[in-house]
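To start, I am sharing the structure in question, which I have written as structure tokens.
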Amino acid sequence: MSEIRLNNVVKRYGRVEVVHGINLEIAHNEFVVLVGPSGCGKSTTLRMIAGLEDISDGEIHIGDALVNDLPPRKRNISMVFQNYALYPHMSVRENLGFGLKIAKQPDAVVAERVDEAASILGLSELMDRTPAELSGGQRQRVAMGRAIVRHPEAFLFDEPLSNLDAKLRVQMRTEIKKLHSKVKTTVVYVTHDQVEAMTLADRIVVMKDGHIEQVGTPMEVFNHPLNTFVASFIGSPPMNLIPARIEDGKVVFGDKTGVPLPNRLSEFVSDGQEVIFGIRPDDMTPEGHGISDSGQSATLELTVDLAELLGTETLLYTHLGGQEALGKMFDPRHVQENETLKFRLSLDKAHLFDAGTGKSVRPD
Amino acid sequence: MARTPRSSYKTRLALTPYLLLAPAFLVLIFVIALPLVFSLYTSFTGYRLVRPDSLWNWVGLRNYERIFTDWDFWVAFGRTILFLAIALNLEFIFGLGIALLINRITWGQRTLRTIMMFPMMFSPILVGYQFKFIFNDNIGVLNNALQSLGISDAATPWLVDRNLAMFSIIFAEVWMSTSVFAILLLAGLFAMPRDPIEAAKVDGCSPLQVFRHITLPFLMPFAFIAMTIRSLDVARAYDIVDVMTGGGPAGRTELLWTLIARVGYDNSRMGQANAMAYVSIILSVAFTYYFFTKLVAARRYMGGAA
Amino acid sequence: MNASLRKRLVAIATWIATFLLMMIICLPGLWVVLTGFRPNREVLSKPAIWIPEQFNLNNFAKIFGFGAEQVAIPVPAYFTNSLVIALTSTAIALIIGMSGGYAFARFRFPFKNSIFLGLMLSRTVPGIALSLPVFMIWSRLGLIDTKMGMIIVYTALNIPFTIWLIDGFFRQVPKEMSEAAQVDGCTRWQAFWRVEFPLAKSGIASAGIFAFLTSWNEYALASQLTRSTDSKTLPVGLMDFTAQFTIDWAGMSAMAVIIIIPALILTFLVQKHLIAGLTFGGVKG
């Protein structure tokens, strides 16, 4: 069994605390993605799991072992680095076999496992090249190959795709996903890219400033963000967040316009409460140009400042409640500048956050 | 329960760099720090090599009083400062010129750069000998050439005349050390991004303005590295002077360093020599420290762009 | 003046300047080398003989004690001393410098910058100023005029700069290399020898060559701390010639050639790495 448990894990550099007591349990064979903006402590957390940073306080268990005092080599993990960290003075074959050779495995075993990894990742043709002779995507595959040959208890990925160009990134993303289904192992994956997190993860851990903001499946995190940070970080383009006030069962914005209080949230707010109204661009569409919506909704006349054509859809920059807001037009037609459109806001998918704490009013 | 092993593991991690540095420190303490403490002590005694018991003869500040009221010391001191100022400035100017020149050349650049490194790797004693030979008034190649070409019939006393001797020594010093500047400034020119220069040209700067406002500021950190490296061993000039003129004739090329050797070994007045040595150490340290802080400041200003 | 003519003139001027520069750099050394192969008679003649009439290895035979003519200067012993002292002190300085350079390149620790500056400042102490107390202490310890005494001093002299250079070379090896090796099952020690050292070794070699040349060329300390054939080095031995009544220019030049040759060869070998090491260590802080 190779679950990973983090118990109140703290990291301090001198007096500066950068990770503030993280608790997390990662199940056997689970693919967990740590996501957050740069400086949120996600990489530091990963490096503490790997043993590359010492743990200032708290405990980390891998399997049954408390690993706080174990050096990386005794943790039975493998890691893919952002810049791959391939050994430039070794061929692909030597790179792949290095860990096994260090572990004093017999040559036959090394050769067999290296060939196995090479065929999984399609590296068989490249075995005698050096890293300098490989393309970015090939290096990436060698780095992953080096991780899988050792059959570790867990894979750690530290922003493995951020050095690739956009097209290759999408391709490698699917390869990582396929690899995980082939080689069932626990994976901890760090990225700042929420799309990677959404597409790869069994569970997403959203971090900010050394705290965990939310843990959940991609759908949970997307559909039920616990606070405004998660709401704005997950999903692209980000959710519109408009300050508002609850008055007489309505959500009233700063400019006195408003929408009805979403039914499913009405029991969680009280009259006069200051809130933040959140709605994703996908749920704010001109009539006749949205996904058919049978639930509770509101319509508002809004003026479009700018329309951005993306082909299958058009992004509409407008103002809602005096704040800049973004809507989407599916099955688009030409929109003129300053044209006023009737938008339908899908209230079933709207969110309310407490203005003071930023937390979702719905206690999930 | 796991407290003890954990803290020892952490302590070990925190101690590692100090353990790695320990051998270096041991050697430097034994060979440099302790002797310097000892020489600081002797600079307050009337120690003479020929009378070992004079090591315990505490004389307070008398050695310092004596050297600070000694005209010969001040002349040597002033000459040393002047020598350094002239040599370092010439080295910088020539080095910059050479770097710009070689940067223009497209063919054989590497070979030229390699050749340029040779003087820097020569033993200073060799450089001194080489120029002692060349500047020799009787059989030196310089006078021979001047005579053969009919420019001058006289045997010019390059190493005897007060001003010419100083010139010859500075020439040797500049010959030896200019390449430190040339090579580092050339490395700076190689590392220089093209964009700012092109942007400045588009913005209407003349070549001179581009050099003044873009190239030169970019090169300054490299110049300060060269200055720092140079200031580490300015006292190499001792070797050159010792072989070329021995500080003579009649003390006309005496630098602080040759004076120390004369007072300490020839006159065996160790106490006084150590007092002078301290002045020379402070001078060197001040030079290095000054250029090092300049380097750090320039580096910060560049934001690591180099 | 049209543009292409002007361009051509600039090119010609550049070539002339480069040619002059190379002359100034090369000629003094070449003249000494040339003299090493000529007899004294020719060197001293007036008016000067410009085209060598005799050109042979007699001077070298002479200073090494072969052939008819003999000199009173034991060059072979000096040569051996120089070699033993320079090689041993370089080896020790490299081991210590690698350890220290690695500490600076890979670890964060309090007072790191001050310690680095302190190391560098220890190198600034003028040789002649340092020679005074070392002379006094070495004479009490019986280290005057011993190879051991010189090796210790040169090791100390070389440590700061070796650390500076090696620090730079290790920092050019990404930290992730060591981390990847540790995750792959290496101890830190194994990671160092199997990954970081192989990647930095050419740089380390050039730091070693630089240290070797520093020891090989040093004069100020050696001139005071050595006395006899037991420990005198070539640069000190060179001065033996000037102590004689008439200077044996040809013999001295032959000896100079012997000192120059290793410097030439080794400089040629290290120049690329040395430049990289100096600039990297300095600029990237």
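We call the chains A, B and C, going by the order they appear; numbering starts again at 1 in every chain.
By definition in this document, a residue touches a chain if its C-beta (ideal position, glycine included) is under 8 Å from a C-beta of that chain, and two chains touch if they have at least 3 such contacts.
Note that the coordinates shown come from a computational prediction; the quantities given were computed from them, not determined experimentally.
Look at the CA centroids: the one farthest from the centroid of subunit B belongs to A. With A-C and B-C as the two chain pairs, more C-beta contacts join B-C. Per-chain CA centroids place subunit A at a distance of 56 Å from subunit C.
Averaged C-alpha coordinates put the centre of subunit B at 15 Å from the centre of subunit C. The part of subunit A that touches subunit C in the complex is made up of residues 50-52, 71-73, 77-79, 81-83, 85-89, 98-99, 102-103, 146, 150, 156.
Within the complex formed with subunit B, the subunit C residues making contact are 14, 17-18, 21-22, 24-26, 28-29, 31-32, 35, 43-44, 46-48, 50, 95-97, 99-100, 102-104, 107, 109, 115, 117, 119-130, 132-134, 136-137, 152-153, 155-156, 159-161, 163, 213, 216-220, 223-224, 235, 238-239, 242, 249, 252-253, 256, 259-260, 263-264, 266-268, 271, 274-275, 278-279, 282-285. Residues 174, 176-177, 179-188, 190, 194-195, 198-199 of subunit C are the ones touching subunit A in the complex. Residues 14, 16-18, 20-21, 23-24, 27-28, 30-36, 38-39, 42, 47, 98, 101-102, 104-105, 112-126, 129-131, 133-134, 138-139, 141, 144-145, 147-148, 175, 179, 183-184, 187-188, 191, 221-222, 224-225, 228-229, 231-236, 238-239, 242-243, 257-258, 260-261, 264-265, 270, 273-274, 277-278, 280-281, 284-285, 287-289, 292, 295-296, 299, 302, 304, 306 of subunit B are the ones touching subunit C in the complex.
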